[in-house]
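Each structure below is given as C-alpha cells.
Below are two complexes that have chain A in common, paired first with chain B and then with chain C.
Take a look at the complex of A and B:
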C-alpha cells in the first residue's frame, strides 16, 4: 500500500512536465465547478430568471395569454384599490385578511402547543417513544389528505356535530366549515393539527440540548418548576423559536392545497389565501397580470422574513 | 439533586400526593392530545370500511359493524375521477413514475453539489449556496406562470419533433415535465442536506486521497459515497414525501387528463359533485394516497424527523 502511494507521488511532477497532462490537470481543477454548474445554472434561470419574468408580466396587460408590452403598474394599482374594498369585500381583501388571521393563529398556536407538548414530554414520561410518533405523523400526510380527513370530521351533517347530536347533546352546533365568516378558522385547525407535532419535536430536541447542570443549580436555589421554565429554559430556547417561526411563516404564506382540499375555497371564495387568489386569477379568471402581481407580493413577504435569517446563518461566524 | 429532594419527600406526605396529582394531569393531557392527533386518521380508517348505509345512520366514531373492503376496491379500480371511471390506480402509478426518477436525480445532484461546496471550495461558494438555498423558500407561485409557458413551448416543440422524427424525446409529456420541475425546485434542499453533512466530514481524508492521486470522481465514489448512507436515506425520504405530496405543480402542469398524479386525482374524486357522494370510497382513496408516505414514516420515522430538522435548521 505504502509503496503504491510513494510511486504515485513520484509520478506527479512528471505529469506536470508534459503539456498534455497540464491540460488534463487544468480540466481536473475545473471539474468541481463543471459539476456544480448545471445545478447553479438551473437555479439562476428557473428561479431567479423566472421571478424576473413574473415581475415583468405584472407590469403588462396580460390576460389569458402573456403579453409583453409594458403598461405600467396597473395591476398593482388594482390590488391596492382592492386592499381597501371591504364592503362587499374584494377577493384580494378577503385573501389578505385571511392571511393575517391564518398566519397569526397558525404560527402562534403551533408554537404554543409545540412548546407545551415538548415540556410535558420532557417530564421523564413513560411511553414517550410511543407518543412522539403519534404527535408527529400528520407531517407525513399531504395537505390534500389532511384536508379530506378534516372536511369529513368537521362536516355538520356527518362529523363532529352529528356525533354530538347522537350522544344526546342536541343543541351542539358547529358549522364553521360552511360559514363564510368562520371557514378560515377550520383551515387553522387542520393546519395546526398537521404541523404542531413537528414543532413539538423541534422544541423537544432543543430541551434535550440544554445543560442539565443549569437546571440543577436553579433547583437548588429554590426555583419552582414554573419559574425554572419561564426564567431559564424558555430564554435558552430562543434559537429554536426563531427556526420554528421561520418554518411556520414560510409554510403559512405558501399554504394553498389545504384551502383547496378542505374548503374548495369556502363559500364565495371566503377561505382564499393570497396563494389561492394568485392561482384563480392567473389560471381561471384570465387576469394574468393581476395574478403575477399578487405572486410578487407573496414573494416580497417571504423575502422579508427569509433573507435576514439566511444572511445571519450563512455569514462567516467569528471563531 | 437527590440529596435535596429526599428529605423533602420524607418530611411532608403532602408533596407526594401533589406529585402524583401532577403526574396524573401530565399523562391525562398527553393522552388527550394523542386522541386529537389520532382522531382524523381513525375516523378516515373506520369510515373506509363501512357501507354507505352505516355511514348515514351510524356514528362516525363507531367501529364498522360489518367491515367491508368494497370501498377500497371501488376506490382503486372503479371510482370516477372527472369523467373517467377507472379508479385511482392509474394515478397512483403516475405518482410513482414521477416520484422515483425525480427523487433519484435530485438526490444524486444534491450529493455532488454538497461535495463540491464543502471539499472543493472556490471563491464565492457561500453566495452560490445562499442563492440555491433561498430557492427552497420562494413561493412557487412566483415561478408558476413562466414555467407553464416554457413547458408549453417545449410541448409544441415536442410535437414538431414527433412529426419530423417520430419521437418526442419526452418533450410535452406531463410526467417528464413534473420530474423536471421537481428536480429543479428540489435541488436547494438536497444540496443543503449534503452540504451540512459533508461539512463535518474530515477534509484530511480527501487531502490524503488527493496526494495518492485519486481524482475528483474517484474520491466521491470511493470515499464520500460509502460514508453517506444516513444522509442519503434522510434526503430520499424528504424528497419522496415532498414530491408525493405536492399539489401545486401537479395541478398546474398535469391538472387534467391521464397523467394526473395521485394528489390531484384524490382532490377530483372528493370534490366530484355528480351523483351520490360515496364517503367510504373517498376515505379509502384518501388512505391509499396517504399510505406510501405513512409507510415510510412508520418504517423510517427517525430519518424522516431528521430530514425535517435539517430542513429547518440551517448551518
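Take a look at the complex of A and C:
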C-alpha cells in the first residue's frame, strides 16, 4: 500500500512544493484506510473480540450477568457429563445427536438434490428462465417463514394428513412433527426445501462455466452421458462443491430459528440443536457460563470440520 | 499501515457519538404487552400519566414474547442505559436487584401503604433488602379449570371436587366423543398443569415444601411419584396432535366446544372475553379439583431501575399510577387477572374475577398463596427450566416411569441450584 503511495508522490514532485497539495495527497493515501477502518474495527471487536470474551466467560461462574472471576472449567465438566447421559437423554445429548443427524442429511441431500436439479436444468430445455426462479425462490424466505409454513403443512390436524383424509385416504398417517423420534427429520425436510434451489443455482453457474470443448472432446472419444458427468463434469465442479459445502455448513449450524418456528423445540425438547441449547441456557436459564461453554464447543466443532477441508482444497489450487 | 488503520478507526468512531438530550418528564417503558386487549389495558396507564404531564415512551422490542424483551433489557442494563421501568417476572427482579441496578421506591410505597395492601407473597419479589424495587401490576393464578358449558351440559357433568371426580368427568367426555382435555404440548404448559396436579395430590404443605423450598425429601417422595402418575393419567385424555400447540389454540378448542376443559392460568379468560363469551353461561371456571382454598400465582411486575435523579419523579409517578386502585381494576378486568392489592373493589369484575379476588384474599390470609414453579415464581429460572424439562420429557415419553421422573427431577434441580 505505502509503496504505491510513495511512487505516486515521486511521479508528481511539483505537488510536493505546495503544502495544500501534500495534505491532499496524504489524505488520498489515507482515505482507503479510513474507509476500511470501521468495518475492520467492527470485525475485530464484534467477531474476534467476542469470541475471546465468550471463551473467557465459559471459565467463569456467570449466571444472569457476566462475572469476571475465573472459577475453572466447571461448565465444561457439566457439558461433558451431559454428553453421555442418553437415557433419559439430557438436552445437550439430544442437541449434539440432532446436530449430527441434521447436519449430515441437510448438507448431503442439498448437495445431491441441487446437483441433480442443476444437471436436469442444464439440458438446454425450454422455459429454463421460468423454472430456475421457481426453485430459487424458497431461499428468499427467512427461516421463520419457512418454519411456520412447514409447521402448518406437516401438522396432522391441519396440513397434509388432514387433506389426505378429506380426499378419502383415511389410512394415511404422517405425524413426524409430533413424534419425538422423528421431529428432527421434519427440520431436515424444511431446510432442504429452502436451500436446495440455491445450491442448484450455484451448480448451474458452475456447469455453465465448463468449457464446451472438453465435453465435445469426450463425446468424440465415445464417453456415455453418465461417464461424461461422472468423470469430467463433477470433478470440474469441485470448487463449487467447496463453496456450497461452506454455505450449507454454516446454515446448518445457525438454523436455530428454523427449529423454533417449525417445532418450538419439539416434544420434550427433542428437536433442539446446539444453538437452541446455547440460547436457552444463556438467556432463558441464566446460566451464561454453560451457554458460553456450549458456544465454544460449537465453534471448535465447526473449526475442526471446516479448517482441514479448506486447507486440503485451497492447497491444491496452484498445482 | 496498522497504526494508520487504528487512527482511522478512532476518527471514524468519533463521528458516531452524538449526545442526545434527555427529557425529564418522560417514562421509558420496556414491555411486551402488544396484543389487542393488553395494549388497550396499558393505554389506561398511559392516559393516567399524561394527565399528570408525563410522556410515555415504549422501548421497542423486536419479536413478540418476553424472551426477546428480557434479552433486550439485559443489553440495555449492561450498557448502563436503564429504562424507567420494565415488565419483569419473579426472580428476574431479584437478580437485577442483586446486581444493584434497581431503584428505590420505598418512599412512594410508604406514602401509598403498599406494605399492607400488597400480598406478602408478592412482596418477596418486589421488595429486596428492605427496599421496594418493583410495582406489581396483577396477580395471575394458575390452578384453574376452564370448561365449555354447552359440552358440560351435554355430558351431564358437575363440578369435580376431587382428582377422581375429575377423571370421571374426563371419561364422560371421552364417551361422548369430545376431546376431554385441551393441552398444548409445550413444556411450560405441561409444567403449569403439573403445578396444579402436585397441589391437588399433595396438598398445600407439600406443594410449598417441594416447589418453593425445593426440599429434596419431598421431591423424591412417594407423593411426588403419585403426582407424576396422576399427570400421566391426565395426558391419556389429550388428543394425539397436542404436541407443540400454543396455549391460546388449546383455549380456542374449549371455546369452540371441540374440547371439554383446559387447565390453564387465568390469562385464558382473556381469550374467552375476546370471543365474547360470558362466564356462567358460556364457560365455567373452577379451581383445579382438590386445590380450592389455595392459589398458585404468578405476577407481572414493573421493575423500577436506578435512573438518574432528574427522572426519579417520573418513576415515582409511574409507580403510584400502577398501583392506584382505579388502574388495578381497569387493567385486570381486561387482562383476566386480579389486582395486586387486596383492597380493590371487585364491582367491575365478572364472576370468575370476583372468585379470583376472593380466593386471593383468603389464600393471603390463610398462608396458602404459593409461587408457581412453572411460571418462575417458585425458584430461580435455572431450576424452573430444569423442572419444565423433566415434566415435558415425562409427558412425551423420554422419561418412562414416575420412578425415573422423580430421580431425574431431583438430579436436574440439584444440577441447576
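By our rule, the second predicted complex is superposed on the first by the 275 of 319 C-alpha atoms of A that agree within 3 Å, B and C clash if a C-alpha of one lies under 4 Å from a C-alpha of the other, contacts with A are read in each partner's own complex, and residues count from 1 in each chain.
The working rule: a residue touches a chain if its C-beta (ideal position, glycine included) is under 8 Å from a C-beta of that chain, and two chains touch if they have at least 3 such contacts.
Given the structure is predicted, the values throughout are model-derived calculations rather than measurements.
The superposed arrangement places chain B and chain C in clashing positions on chain A. Between chain B and chain C, the partner in contact with more residues of chain A is B.
Applying the stated contact rule after C-alpha superposition, one finds that A:220 touches chain B and leaves chain C untouched.
Applying the stated contact rule after C-alpha superposition, one finds that A:175 touches chain C and leaves chain B untouched. With both structures placed on the common chain, the touch criterion links A:40 to chain B and to chain C. Contacts of A:306 after superposition on the shared chain: chain B is touched, whereas chain C is not. Looking at the shared chain after the overlay, A:159 reaches chain B, while chain C stays out of its contact range. In the superposed model, A:57 makes contact with chain B only, not with chain C.
In the superposition on chain A, A:283 makes contact with both chain B and chain C.
The superposed model shows chain B running into chain C at a single listed stretch; among 25-33, 151-159, 187-195 or 223-231 it is 151-159. Residue overlap on chain A between the chain B contacts of one complex and the chain C contacts of the other covers 33, 36, 38, 40, 66, 151, 264, 283. Contacts from chain A toward chain B in the complex involve residues 4-5, 8-9, 11-12, 28, 31-33, 35-36, 38-40, 42-44, 46-51, 53-54, 57, 66, 117, 120-121, 123, 125, 131, 133-146, 148-153, 158-159, 162-163, 166, 193, 197-198, 201-202, 205, 216, 219-220, 243-244, 246-247, 250, 253-254, 256-257, 260-261, 264, 275, 278-279, 282-283, 288, 291-292, 294-296, 298-299, 302, 306-307, 309-311, 313-314, 316.
Remark: chain C residues 1, 4-6, 8-9, 11-13, 67, 70-71, 74, 78, 92, 95-96, 99, 185-187, 239-244, 380-382, 385-386, 389, 392-393, 395-400, 404, 408, 415-416 touch chain A in the complex.
Across the complex, chain A is touched by residues 1, 4, 26-27, 29-30, 33-34, 36-41, 43-44, 47, 55, 59-61, 109, 112-113, 116-117, 120, 122, 126, 128-135, 137-147, 149, 184-185, 187-188, 191, 211-213, 215-217, 241, 244-248, 252, 263, 266-267, 270-271, 279, 282-283, 286, 289-290, 293-294, 296-297, 301, 304-305, 308-309, 311-315 of chain B. The touching residues of chain A, counted against chain C in their complex, run 1-2, 30, 33-34, 36-38, 40-41, 63-66, 78, 88-89, 91, 151, 155-157, 175, 177-178, 180, 263-270, 280, 283-287.
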